[in-house]
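Take a look at this one; I'll ask things after.
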Amino acid sequence: MSALDTAARRSPLTRAQLAARVAADIDPGSYVNLGIGLPTLVADHLATASGIMLHTENGMLGMGPSPEPGAVDPDLVNAGKAPVTELPGASYFHQADSFAMMRGGHIDVCVLGAFQVSVSGDLANWSTGAPDAVPAVGGAMDLATGARRTVVMMSLLTKDGAPKLVERCTLPLTGVGCVSRVYTDLAVFDVGPDGAHVVETFGTTHRELEALLDLTLGPAPGRTR
Amino acid sequence: MSALDTAARRSPLTRAQLAARVAADIDPGSYVNLGIGLPTLVADHLATASGIMLHTENGMLGMGPSPEPGAVDPDLVNAGKAPVTELPGASYFHQADSFAMMRGGHIDVCVLGAFQVSVSGDLANWSTGAPDAVPAVGGAMDLATGARRTVVMMSLLTKDGAPKLVERCTLPLTGVGCVSRVYTDLAVFDVGPDGAHVVETFGTTHRELEALLDLTLGPAPGRTR
Amino acid sequence: MSATVFASSALDALGDVADGATVMIGGFGPAGQPAELVVALLEQGASGLVVVSNNAGNGEDPLARLIQHGRVAKMVCSFPRQVDSWHFDAAYRSGAVELELVPQGSLAERIRAAGAGIGAFFTPTGFGTPLAEGKEHRRIEGVDQVLEYAIHADVALVRADRADGVGNLVYRKTARNFGPIMAAAARRSVAQVRDVVPVGALDPEAVVTPGIYVDAVVELTEVTSTEVTSTAGTSTVGAVAAGTEGLV
Amino acid sequence: MSATVFASSALDALGDVADGATVMIGGFGPAGQPAELVVALLEQGASGLVVVSNNAGNGEDPLARLIQHGRVAKMVCSFPRQVDSWHFDAAYRSGAVELELVPQGSLAERIRAAGAGIGAFFTPTGFGTPLAEGKEHRRIEGVDQVLEYAIHADVALVRADRADGVGNLVYRKTARNFGPIMAAAARRSVAQVRDVVPVGALDPEAVVTPGIYVDAVVELTEVTSTEVTSTAGTSTVGAVAAGTEGLV
């Protein structure tokens, strides 16, 4: 939050601002998994002195940024199969150990993209439900349910303007009740058994969000509406 | 078998002869676990050029013999907690991996001691059934059921002269139908779904064994009685 | 398993693979894929294969060609759809290949279970999703969990970095991925390595796959591997990437 | 878990342990036993503990004294009976300590399951024996298997050889035993090590316990450990040894 100037709060966040907002909530020393796609941008906003260690589910802790051109190692890739680097203190492990690390609740924070998130924290991010699509899931389900805290980072609306924070997901689920916070360009929400609560807005209001999403949204903890 | 002279066949085997008899059946290049107690003697009869690798379930492959006095390493012990050594080609692993190796059927031969073995291959070797005894099992049950081939090495009779190869075990079981061969001072038996068969005798006869054990014993495969 | 054999060619190392065999193929995309062993499998000729592998081939890599040539009856994998998985896509859409889609962590754990002699296990992953439909489930310590069964294989093909003279293996970086668990899960495991070193040259504390899990090794100094894109992000694939296209 | 803390004493590293806590203690007999951390637990004072450890103390070692002093309500272990386990023997016979006896491989796998987020698993070990009585079982692929549940802990105490500055651990030889799986299975894991080395000094390929599993580390250069008997065989213990006494 401190990384954002107040101007940012008066308009929707850019992708970089959204990544900075997510990063601001991650405690120093945390172990973090960043899902492929948009969440990878969060890495650029983690302070190098923070001691945050990145996990990549294909078998590594201590993942560093993309290599310099010419320094690509085909044996060193991230979950998106893009080349990465190794930071001091890194370790490698096989797939069963890597997913044990996820599933066993050892990762502090997992940041995922989403097609839809429900107000109760259900996540849909692996299938568009298109009947002719080749299905693929990868580590999405393990990531969603395994981390101590799973948060979503997404645009609040689809390209067609449909809400992605919904009463009930209509797309195939990735996990049930697994998401606790949703970071979007227009607002940050807490979701869970008590429904969705607005934590912070960017260039919009609580009332406008309710109209946009056709949802009843609770106030942020400690605030009245 | 080749390690035994013909004289040995005319009298009961000594412990060393019995160990040599067991060792003679172990193929070169095998991975072998020797249970604590009597089976440890088998190690002395494995040819050094055989390429046989010993597994100890506390987390090692490539276990070597006892160290020279003064070369004891408290971090390097066998399943009986006695000091051992490391041979070239050794590897270390944690307990879950070590028992995965056993349970997953990767050990070629496991040689165990026993209180009782039944003609169908049930094994009793962890509890005397004494009501006041502190119970302890260790790796006995995993070893009994995990190896590709589990064989027993024991005296045929207890100190009191009671048979240890029995129709049905009366002591608490370690595993059901897990033993395939029983090496004793008086004879070698195959056991299993078809009952007990005599493979070889030492200073006794098939008929004498049947009388001694009060069992009907089949002939060795390929022989008539 | 008995002592590791050192073969002079990938085809010799591969040995006989029966039609209809279940074959595990290591690798996470190109990283750790035993390309030459899969080429040998192409040459060897077995068909009707059940292939267990995280992905279903990239571009014209050997696994993709195995699918293209109709040799695979079924894929068991977590992420068959990639930007360049056209051979699998075509075979899947035509009905030529069956797909069992498994969440990646459950795939890994099911492979581990086979190697570890565990028949089945309860995992929270996938509960309440289409991938758990029809599967037994129960609540354990307050968490809903799905019963998943071990996946055994007839043959595992893996790529490691080095082997010693008794078949102990070490890997390189994230190319380790599925190698260790697949080597343990198959009745016969074959490893292609960059280098065979003498017995005693690997640190016993750092052996990743003990030789007991390795039946055959072939040294292939010139390991070809599909090029990895050199810019992070361009190879980002799949559902989540697609899902974020609409952002801002 | 968040970043590893480096403590200046075993007691500081141990931190708070509540009465009634479940405490995992590494080691296979003396090898790998975190003796100083158990001494700290003695000093710290928590009672009514459930201790998960392969053995139940040897002679006057710290675990034996913990039992002697009535601090342990229940032991979960595979081999409590040893030639020198007199304190456990007395406590067990007097009814002061409860015992849950678990086959060693099932103990290890149940501990691993806790760390891996697996609720329960089916294993062939113990089927048809008294230790499977009352447990759910079923036949999977022709093999009768028993359902065993994960064992979680509040605190794990382990001994490793070296830690680096982010808490990555490596062990020495067979002292590795239960350390890696216990460190992963507990909410809070504490490691005593012989040496703390700088970040980057451990080979990333050879790290056994990644720092994510380690909450606190204490460097204890003078690790005391119970003497191992120097002649093979004299410390041979337990049922099988007893069972073979009658031979020849």
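Chains here go by letter, A, B, C and D, matching the order in which they are written, and residues are numbered from 1 within each.
Everything that follows uses one rule, which is that a residue touches a chain if its C-beta (ideal position, glycine included) is under 8 Å from a C-beta of that chain, and two chains touch if they have at least 3 such contacts.
Note that the coordinates shown come from a computational prediction; the quantities given were computed from them, not determined experimentally.
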Distance in touch steps, counted as few as possible, from chain A out to chain B: 2
Which of B-D and B-C has more C-beta pairs touching across its chains: B-D
Distance between the centres, which are taken as Cα means, of chain C and chain A, whole angstrom: 28
Chain A and chain D: spacing of chain centres that average the CA atoms, whole Å: 36
Numbers and ranges of chain A residues touching at least 2 other chains: 86, 92-93, 96, 99-100, 102-103, 146
Residues within chain D bordering two or more other chains: 109, 112, 116-118, 123-124, 171-173, 204-205, 208
Pairs of chains satisfying the touch condition: A-C, A-D, B-C, B-D, C-D
Chain B to chain C touching residues, read off their complex: 27-31, 51, 53, 55, 61-62, 86, 88-93, 96, 99-108, 146
Parts of chain C lying in touch with chain B, wherever the complex brings them together: 1-3, 112, 114-118, 164-166, 168, 184, 199-200, 204-205, 207, 210-213
Touching residues (chain side chain D, partner chain C) in the complex: 109, 113, 116-124, 140-141, 143, 145, 149-150, 170-173, 203-206, 208
Touching residues on chain B, where the partner in the complex is chain D: 12-15, 18, 35-38, 40, 56-60, 65-67, 69, 72-78, 80-84, 86, 92-96, 98-100, 102-103, 112-115, 122, 125-128, 132-142, 145-146, 154-155, 157-159, 172-176, 185
Contact footprint of chain A on chain C as seen in their complex: 28-32, 54, 78-82, 85, 88-89, 92-93, 99, 101-109, 111-112, 123-131, 144, 171-181, 208, 225-248
